[in-house]
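Two complexes are shown next, each including subunit A; its partner changes from subunit B in the first to subunit C in the second.
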Partner chain A sequence: MRPENYEAQRHPPSNEFELNFGPNHPGIEGNYALKVKLHGDVVVEAKADGGYLHRGFEKLMEQRLWIQNIALVPRICVPDPSPMEVCYAVAVEELCGLEVPQRAQWLRVMQLELSRIAAHLFTFGGHAATTGMYSTMYWGVADRDLILDLFEEFTGGRVYSIYNIPGGVRRELPDGFLQRVSETLDYIESRLPDYDNLFFKNQVFVKRAKGTGVMSQEQALAWGVTGPNLRATGLAFDVRRDDPYLVYDQLDFEIPTEAHGDAWSRTLVRRLELVESIRILRQVVAALPDIAGPIRAPIPNPLAWNVPAGEVYTRVESSKGELCYFVVSDGGPKPYRVHVRGPSSMHAVQVLEKMSVGSRIEDIAQTMFSLDACPPEVDR
Partner chain B sequence: MSSIKQIPVITERKGNPLARVFDEFVRFCRSRSLFILHYCTGCGAIELPPAMTSRFDMERLGIQPMVSPRQADILLITGYVSIKTLKRVILTYEQMGSPKYVIGICSCTVNGGMYWQSYATAKKLDEYMPVDLYIAGCMPRPEAVLAGLQKLMDRIHSGEANSWEDYFRNYDYYLGNQQKLFGENWQTPTDIITEAKHYDLIGEGTLGKHTQLLEQHQKPLEALDMRLGHDLKEPTE
Partner chain C sequence: MSQELTHWLDDLLEEIEGIKIRRKSSRRVRADVPADALPALLELLQGRAGYIHLSAISCVDWIEDDEFELVYHVWSYESHSLVSAHIRIAREPGVYLSVYDLYQPAGFFERDIHEMYGIHFEGSPNMEKFILTEWDGPPPMRKEFDSEAYVNEHLNWQEYNPPWLQELIAEGGGVIIPPEEQRFSRKKD
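Moving on, here comes the complex of A and B:
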């Protein structure tokens, strides 16, 4: 209902019109918006409009103890929270010079890879829904739930596990857990051909995704693109292999790449990464029984823990790309400054703005989901 | 708003047994076909896809997602609301047709949750709009979401879920809190007072000093300036 005195404002005649896309829109990932200028249904200009999910993380972290921040960091990226914890824990360990026991490192790898599979399945679901293929969404979400069940048993939380603390991990594996991980992996692997037939080879998807949102390798490097989106332009760069952390240097896996840099290549890289993650997890499951020892290094009283002064930059490969933390300590009980360099802020702001130009309005959702941007991490 | 016919909505029909049966039947039907508009304001939204799809399947309760506020019955607020989002949430809420219900999922909507000291989030949702039901938890599991929805269905059936009337009856209070946050000349394109008259829900708290302020500031609404490169003109500025 509008007030009686409402009068619409007249604009000068023009062939272009502007459209607010989001924040509450099925074609947008999460709470995020784009303002697009259209000519017919072709996008002339796009402008990202974020900040709907801003919570001021970097400021909040300065006001909490080192150990309290562990509960805060997973909230930065909701679909893939585990790399956040691990990256922060590794940063604190480097500041204190803590030696993390081998077993804890293997357990962290298991957590990271399970989380990667869950995040990729979720992305496929969302991406398929933008092309109208809801069955894939139903399947993807249901299969992701199997991994969340594992998480629940393993860490106590379905989505936010809060499993790491600086110095190691919080708990030992439950009995028979590795067996259940193997069974779930077998099941997901047996489902992959079904996914291929339903989604990845489906002409509805292939025709729409091929040639949508193209970027070249030079552009990707100039825009700060990382992760599967960079690998889809043909560059095999992966922090897990090129700057190994935890025990990734002892594991055997490939870095899948694709050449075209379009939405189809990006999705295909993720699909191939699923296979690699399953392969890594199988190695972890085989190795874990032989690695005995403690699961965490002794730390001082966490409520009165003064971390030595210094600064550190750590990075891990999350399912969205390269995730980095820059942590400064002034020797006090709380961090002096924490900066999060998330992959999505590049993908959802600069890249999406540039790649939408020239595409049709209905392909914006396709581009956004194929970039796999995560709005809570853009806004933080 | 004189074009709308002033039809009083009769809610109490004690005398006529047939009317009671009819009301009961209407409430039953209403509680069995609910469309939700989930505004993904925060992290709690990640538990909605499992709740909606094959594993937990809220469709068996007759509940389905809906994409536009005009056709929706339930507004799900899934997590912390930052101040920028809260403006959109209020706009969305006011656009929904009555009867409408609000569910606050997550502890963050109850009291600020993890972000109790954040400068960017609104802490208590029920200061800005009436909330029918809270589902606490950080984040609540899909089972909890479904249990909450079932509870709401029961309340609709028994006629207790009337918080939408509260927004009309106590509009001054809600508007006051909104003005505190967004500035004195905050105004939405919806005319709540006329709507309250239409539903015959003018209460003691509908008009007050905040709604007077609204009248003072009320100027002909301009179409929002949405040229690229310009931010939306926020009423706070």
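Moving on, here comes the complex of A and C:
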């Protein structure tokens, strides 16, 4: 029953339509959105839309004591929080000229590499789920949980360790912990062939990911891409080796690369990195019993701690790429400015926008998960 | 970085007028330049010294000096060193040039700084809001914006006191888990 004056609304003829991909969508990592314009099922324009996870960390950090910020920073990247702590702690140490004891540096490496394995397992799960292979996701999350168990015992926190303080780390290792790390590593290593059969060699995945979301090395360099995504285009750059921090220059590890720069290469690089992280952890487990000494340098009263004026730019290789902190002190009890450069701020925004154009709608999730974008570190 | 390369970089950078260089460590160089010399410096670093990766652009609000400091961190994949180029611009009107033509990652950082500090970058491809889409107040990272005062003025604090919490407090508070029930109180057997 139409009203008498009813007139159908007329649109100009167009084959284009808009689609909000996210912020609540299983094909998007975290709360994040892509506003895409489609022609049929081909993307003609994509705009990243962030801010759903903005918590104002940089502003908050200007209002907290140097020591208090340690509890804030890991929350910036939920799947891989440990590099955040280490990067901030290293920045404060450089400003103060604090010499971090050897043992603390090795403990930090252990924390970072455990966190990298946990983050990669998590990513594989999400990525596999975009191709409908949910078993990999269950496995990845379950195996990651074993590392969270280690974190709980080692640092007191399952996800956010808050293990570092400027000058060193908070706790000594629990009794028999290195043995349990070894056992967990043995277990994860024994699982790798299973993962290969289930996921990495699975033709459903290989055919889906090969040739999807291709990025050449020139593009990656021009777009500021770092981390596994850059290494998947054939450039062996890793902050751990090329701008070393902690004791990475004393460790023996390879930097895996792949040549094709597609979704498959990116995931394969992470798969190969698991092996290298396990290798690093075995070296740490072997070395730690012989490295005696304190686990932190003496620091002034942390509640009345004025850090000398200056500025510092620290970099850490997180599981997503180059993570940097620019910290400025004006000599006061709180940071004057902290700028967090999350690696995903490149590949989750401009790069994702550029790579989505020309792809099909069903490839967006595949591209985004293979880039391992982490929206909370973009929003901060 | 080798000694030879260090001298080579110093010689190269001396071409920029008014530049001050400070070597902070073997892989970190700080360069202070007048604002109008920055594009020339970046062009030189990118084109002739291999600093092709713009790692970040950071902004610092020096409200007492009435200036913004912009810091361009560029990395060389060849010499494995990072140059941080510092410039200062006036807080008002807070306008500077975009370096997007040289470094595409600048697009993101300039958009972010525009949103958080209100600096306008001429020639930047996209100055739309990204994070603070529904925010129409002042740029929040500016030092004069007091977030706590804003919250107190515009929002109400909520009392959170559910019955289970009242009960817990009445019983003296806290939860005690005996050691044998703690999941990770494992000791050597």
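In this section, the second predicted complex is superposed on the first by the 369 of 380 C-alpha atoms of A that agree within 3 Å, B and C clash if a C-alpha of one lies under 4 Å from a C-alpha of the other, contacts with A are read in each partner's own complex, and residues count from 1 in each chain.
In the analysis below, contacts are C-beta pairs under 8 Å (C-beta built on N, C-alpha and C of every residue); 3 or more make two chains touch, one makes a residue touch a chain.
A quick note: this is a predicted structure, and the numbers were derived from the prediction, not measured.
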{"item": "Touching partner for A:Ala71 - first (subunit B), second (subunit C), both, neither", "value": "first"}
{"item": "Touched partner set for A:Pro23, first subunit B, second subunit C, both or neither", "value": "first"}
{"item": "Subunit B versus subunit C as contact partner of A:His260, first or second or both or neither", "value": "neither"}
{"item": "Touching partner for A:Arg360 - first (subunit B), second (subunit C), both, neither", "value": "neither"}
{"item": "Partner chain(s) touched by A:Gly51 [first = subunit B, second = subunit C, both, neither]", "value": "both"}
{"item": "First, second, both or neither for A:Gln63, with subunit B first and subunit C second", "value": "both"}
{"item": "Touching partner for A:Arg282 - first (subunit B), second (subunit C), both, neither", "value": "neither"}
{"item": "Subunit B versus subunit C as contact partner of A:Lys35, first or second or both or neither", "value": "first"}
{"item": "Where subunit A meets both subunit C and subunit B, residue numbers", "value": "51, 54, 56, 59-60, 63, 379"}
{"item": "In the complex, subunit C residues that touch subunit A", "value": "27-28, 52-56, 58-61, 71, 73, 75, 77, 80, 82, 84, 103-105, 107-109, 112, 116, 130-133, 140-141, 147-148, 183-184, 186-188"}
{"item": "Footprint of subunit B on subunit A - complex, ascending", "value": "1-9, 18, 20, 23-26, 30-31, 35, 37, 45, 47, 51-56, 59-60, 63, 71-72, 75, 78-79, 122, 125, 137-139, 141-142, 144-145, 148, 158-160, 376, 379"}
{"item": "Of subunit B, residues touching subunit A in the complex", "value": "1-2, 37, 39-43, 45-47, 49-50, 53-55, 67, 80, 82, 84-85, 88, 92, 114-115, 117-121, 138-139, 141, 189-191, 194-195, 218, 220-223, 226-229"}
{"item": "In the complex, subunit A residues that touch subunit C", "value": "48-51, 54, 56, 58-60, 63, 149, 152-153, 174-176, 221-224, 226, 235, 237, 242-243, 311, 313, 315, 322, 324, 326, 328, 336-337, 339, 341, 345-346, 349-350, 379-380"}
